[in-house]
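Letters A, B, C and D name the chains as they come in the text, with residue numbers starting at 1 for each one.
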Amino acid sequence: MRLELDDDQRALQASVRALCAEHFPLERTRTWTDRDSFDRRAWRTLAELGTFVMTRSADEGGAELATVDAGLVYQVLGAELVPGPLVAAALASDLIDEVGTGQLLATVVERPADGQPAVLRHLGLVDVVLVLDAAGIWRVEPADVDARPVTSPLDPTTPVWLATRLPQGERVGDAALAARWRQRGDVLTSALLAGIAVKVIEVAVAYAAQREQFGRVIGGFQAVKHLLADGFARAEVARAAVDAAAVTIDEPGGGPDGTAAARAVAGARVVAARAAVANSKTAIQVHGGMGFTWEATPHLYLKRAWLEENVFTTPDEAAELVARTLTAGEAA
Amino acid sequence: MRLELDDDQRALQASVRALCAEHFPLERTRTWTDRDSFDRRAWRTLAELGTFVMTRSADEGGAELATVDAGLVYQVLGAELVPGPLVAAALASDLIDEVGTGQLLATVVERPADGQPAVLRHLGLVDVVLVLDAAGIWRVEPADVDARPVTSPLDPTTPVWLATRLPQGERVGDAALAARWRQRGDVLTSALLAGIAVKVIEVAVAYAAQREQFGRVIGGFQAVKHLLADGFARAEVARAAVDAAAVTIDEPGGGPDGTAAARAVAGARVVAARAAVANSKTAIQVHGGMGFTWEATPHLYLKRAWLEENVFTTPDEAAELVARTLTAGEAA
Amino acid sequence: MRLRDSESDSRFRKEVRAWLAGAVSDLGPAPADVDDWAARRAYDRRWQSRLQDAGFAGIDWPRAYGGRGATPTEHLIFLEESAAAGAPDLGVFFVSQLHAGPTLIAEGTERQRAFHLPKILAGESVWCQGFSEPGAGSDLAGLRTRAVRDGDEYVITGSKIWTSFAFVADYCELLVRTDPAAPRHRGISWLIMPMDAPGIDVRPLRTIEGESEFAEMYLDEVRVPAENLVGAENDGWRVAMVTFSFERGTAFVRELLDAMSLARGLAAIARRVPRGTATAWDDPGIRRDIGTVAAELDALWALTKRNVSRAEGDGTDGGGPVPVAGGSAFKLSYAEALHHLGEVTMRVLDRYAISLDDLAGAVDLPLGRHLQGQLHAFAISIAAGTSQIQRNILAERVLGLPKER
Amino acid sequence: MRLRDSESDSRFRKEVRAWLAGAVSDLGPAPADVDDWAARRAYDRRWQSRLQDAGFAGIDWPRAYGGRGATPTEHLIFLEESAAAGAPDLGVFFVSQLHAGPTLIAEGTERQRAFHLPKILAGESVWCQGFSEPGAGSDLAGLRTRAVRDGDEYVITGSKIWTSFAFVADYCELLVRTDPAAPRHRGISWLIMPMDAPGIDVRPLRTIEGESEFAEMYLDEVRVPAENLVGAENDGWRVAMVTFSFERGTAFVRELLDAMSLARGLAAIARRVPRGTATAWDDPGIRRDIGTVAAELDALWALTKRNVSRAEGDGTDGGGPVPVAGGSAFKLSYAEALHHLGEVTMRVLDRYAISLDDLAGAVDLPLGRHLQGQLHAFAISIAAGTSQIQRNILAERVLGLPKER
């Protein structure tokens, strides 16, 4: 049992962070809202680092890393608010090498129940749509999806489409792979959320340490200090939970059918989602009037967190799942 | 429309407060846990002020006051943690004059669904048990109730019994009166809770204003100030809601069948219960180690609040009821 | 205490309701484009004219200055009926009617009153507020925009932020520092600045709600006649406090009523949002969440009525302005309730919380104003005294705890 | 990172598990009367003897001082297996094993170590803690109990509070002020006080949980040999910080595991508590509440493992004590989670939240430990550094924000 980051893992995070700082600075990425503005070259640069194929075997061009390493990288991507279909890339690269190399972009969507519309993210950017359902994974051409873009997307840096129904598509993966994708996608999404939770407090601390009101920096007021301390603690707890969940699914019996893994993954979503949303709200509040401006960054974290928290599962579904594991074995 | 207290109402509260200070000081009442220790003379003194018959007509020995006036008095009784079956006395005096005069004590209990046990408060003290059910109000002799006292009652100043089933008893009131009792009992209980919410913050403010740590009074630390400010605001909101609910049920159409009254009463419970519990917790935390001692008073407020919040309704049931009123008129 | 209207209040309510029914019915829709300031101004002015013709303009202003002289309760009734009828709110006249007019009545010269008040009542002039600065938010007294006396003019240089309606304003209520050597609160003055004066540069300020009601304003040697001073030179802090005193009591009434309408709307939406094999409304936890936040808003409506009753007084307790306890308790609790409403909104909408506009077509949900309302919660917990400032006020001025050091 | 045990940890876990199974099975029940200190001491000592015989006494103490020298991970495994097996916790030996022993190892004289450590390991001596005072709670350095040197003795007068196990203790780890003229932190000393010395008056201190593990202690000219000083005179603050450093990392492990068991128990209770026409468990909102708090506790278990990993180090990052960030984040979050668990408990129990004991008969619900656990949440948010103090620590020492003035 060892849940602390080692030097390799810290170095991995540092290299991704450096790449993001160079190729995905927030002042630029916040305007990458459509096909024209999205910088595919930056995306390929990110892919070339191996970001989307970390857990694949060396034969398949991967780095043979553990899911937890991928999670650590995705925490950085979340912290840096990198745009684009990040989690979908890590999944789709299992089937489509060009997604792993960043030449193609993919989005992954769950086929909704009959009559319910599908929410597709990044549809206008991607080259491939992969649809998950009970029977497996289905490949659909973006052009074949009858969808309309959502005006004023809640997260301005994540374009979203609504489709009444999805074409059946070509079956490219079985039900077992679909289940593994859901599990891995869930964890990587929670990693993005944990990254937001950590980073947005750093942003707020930096602001509080220099913004002066009443003749002193506002970070000296206990009310502000305590808001930030609570945020820091929430983020620490969230990333411990996400890391543990990522480790758990790589353990023997950690697949989609394992109770311990299901509980760890669901629990990680519960705490990571709350930490990301609550900490972003804290950051806006600490930024005061500045936090209420579009120009400042805290609202972008909040809006991204709001969107991501409902991807692959929702905090409510996850909480229900954790509860069910508490009485596993007892008669329902 | 006028929702501010007038001079008469303030004077009424002051006289009850003065009586409580003399006859129900907390350092004495906290040990009134059974028939032997309970001071019936103090109880009669309270009754002689007219406390339990405020809303009755002058013919019936009452003061012809509005329900809101009774609520204001019950806020004081809650604030002073007066022990005994207070709300039951205000209801039972409709039927039994000796309860109104304080010569007899009564408890009121809802007949539980088949197979569910009944929770009776003050059974060992009272002379009359009044059972509410769909058919009306039933009088039962305490000796006929097969119940056992609960050891270590959560609220040490409110003894509680558990009964497997209640005798049928003698019918003394119809279904309409039972419904009015539930409504009035609900509001008066919320008034007790609002009183707790107000008072426990006063207690905590007084402590914070004199307790020194780190060379200054702890009430000077922003963290403590803000805890108390939040508590004050919660209490202000709660008592406004309770007063408004009490006024509403006296309005035309304000009976148990009226939607507006039902919503106001339920909403008042939601906010009063939360204010009482949250503020008591704040008071314990502000008292620090002292707050963790049995000897200090804050825990008594918390425990009373915990018990009262589930009497006549529960915060969860009340929240559900408010929600239902939002879509009243729409198809279910 | 009573919730019922008195006889005269009841008559007033009937009169207002009858008039609103007619006046709203043929008003036409508000301009769709929120950035079309000319259209917004024209729309709001049309409504203001109707108000004036019907005798409702300056409803809470004294009769001597052209107002109706309504009691606080009548004012509340008017706001309540206006919300129920879907009537426009003050719109671009927010600052002129709630701030500038009352301040001039209290502190202006006869000449200032005679010139400005009729224009304000008629909806002929729009005002903006030039109080906050990039470096002076919660700490308003830290403002640094300088005004130097030069003959019979002040020459003003500095920058302001959160100047609502600046794009369409004719005048600005401006706080400036006239004596940099004096203690912070003693060197401030309150000026009327015509917005057509040279040297004013207004830039849009987009909020996290995506709207642009606010602006940043840069002032470069703007010249304003000295006679535009309201109150004495260097006495502007006191005048500003008078200005703020009009914000209390009824300033958030329309807001609150709109939030209560959001809660009802959320219940309706919950019945249509899929959740598992049913809808969100079929989940008792969701129903309780909605019921709880509705109860909080109802309680704040009760507190509003109490605050208004206090402001009105009944002869026995003097009446007067809303006490700080009620005002700050309201503001703080209202911010909390709006944030709570936002949280519940996210839970209800779940995977469909994706746009600041309504969804139409594939899924038809009027969620736009709900998600915007959620972001608006930050405006309440930050603007006009952050929740942290409100807590300080309650702790120090109401509970008597020591002042911040 | 890995959750699996290393090979040697796995062997250790097997060994512990096998031994516990046997050792717990014939131990007999703990004394029913929590106030029967003699029985509690005897019971805890029986367990301690078994631990010592099996080589688990002083599990994290260095081998040189009679301990097992287990790694932090092994210690965690031991605590985890002990909880799972329902083995007793340290009981009356809490202070001697977690505080006094390690402090003496780090700071004591050879003579102090030789005398006390064997007794502690054998469960022959019980210690209590004499740190807090009525006037010095969060502000421990404000303590005023005076110790005046008189020949080769200190003469001690003052009062202490929260002296756990005082009724049964043989020794007290006592903080006293030896130099009233020195700055607050510089005039304090750490003393071993025999509890049979004349002048000690111990009075029970009942907590809101209704328990009496704690006491108030009044000291009236109590004489303690000067050789009982641990560390240098007036250097006691530093020594106390050493004492506290042992509280971190694993001090709350058993607590946390018990709380996780409470969450599971709450799910079982929910299936039996009536709610409407069904049970509380049939309400999805209740299930989510329970699931959420279980997720919080699971996450704290993950954080605990991370903190222990850090304390252990792997050679590349040095290892060492749990950093303040992890320790304070844990303490703060654990207090919040316990309060949350308490809230959920009240919602689940609803009208049956009526006793600090289990209910039997008419309704059969094992709710006692759940309602006590709820009150215990205050012990966590208040004792050993209130949540407010933890937030200060995180803000100042981890986030680098300015110190409180």
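In this section, contacts are C-beta pairs under 8 Å (C-beta built on N, C-alpha and C of every residue); 3 or more make two chains touch, one makes a residue touch a chain.
In this text, all values refer to a predicted model and were calculated from it rather than measured experimentally.
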Contact-richer chain pair (by C-beta pairs counted) among A-D and A-C: A-D
Furthest chain, CA centroid comparison against chain C: D
Whole-Å gap between the CA centroids of chain A and chain D: 38
Centroid spacing, where centroids are CA-atom means, of chain B and chain D in whole angstrom: 38
Distance from chain B to chain A - Cα centre to Cα centre, in angstrom: 48
Sites on chain B at which at least two other chains make contact: 221-224, 226, 316
Junction residues of chain C, two or more chains touched: 284, 288-289, 388, 391, 404-405
Chain C contact footprint on chain D (complex, rising order): 283-286, 288-289, 405
Chain C-touching residues of chain A, taken from the complex the two chains share: 113, 116-117, 119, 147-148, 150-154, 160, 162-164, 212-215, 221, 223-224, 281, 284-285, 288-295, 299, 306-307, 310, 314, 316
In the complex with chain B, residue positions of chain C that touch it: 1-6, 9, 73, 76-77, 263-264, 267-268, 271, 281, 284, 287-292, 294-296, 298-300, 302-303, 305-306, 309-310, 312, 314, 316-317, 325-326, 328-329, 332-333, 388, 390-396, 398-402, 404-405
Residues of chain C defined as touching chain A within the complex: 132, 135-139, 142, 161-162, 205-208, 210, 274, 277, 339, 346-347, 350-357, 359, 361-363, 368, 371, 375, 378-379, 381-383, 386-388, 391, 404
Residues on chain B engaged by chain C in the complex (per definition of touch): 1-7, 9, 66, 68, 201, 205, 208-209, 216-217, 219-220, 222, 224-226, 228-230, 232-234, 236-238, 240-241, 243-244, 247-248, 251, 263-264, 266-268, 270-271, 316, 318-324, 326-327, 330
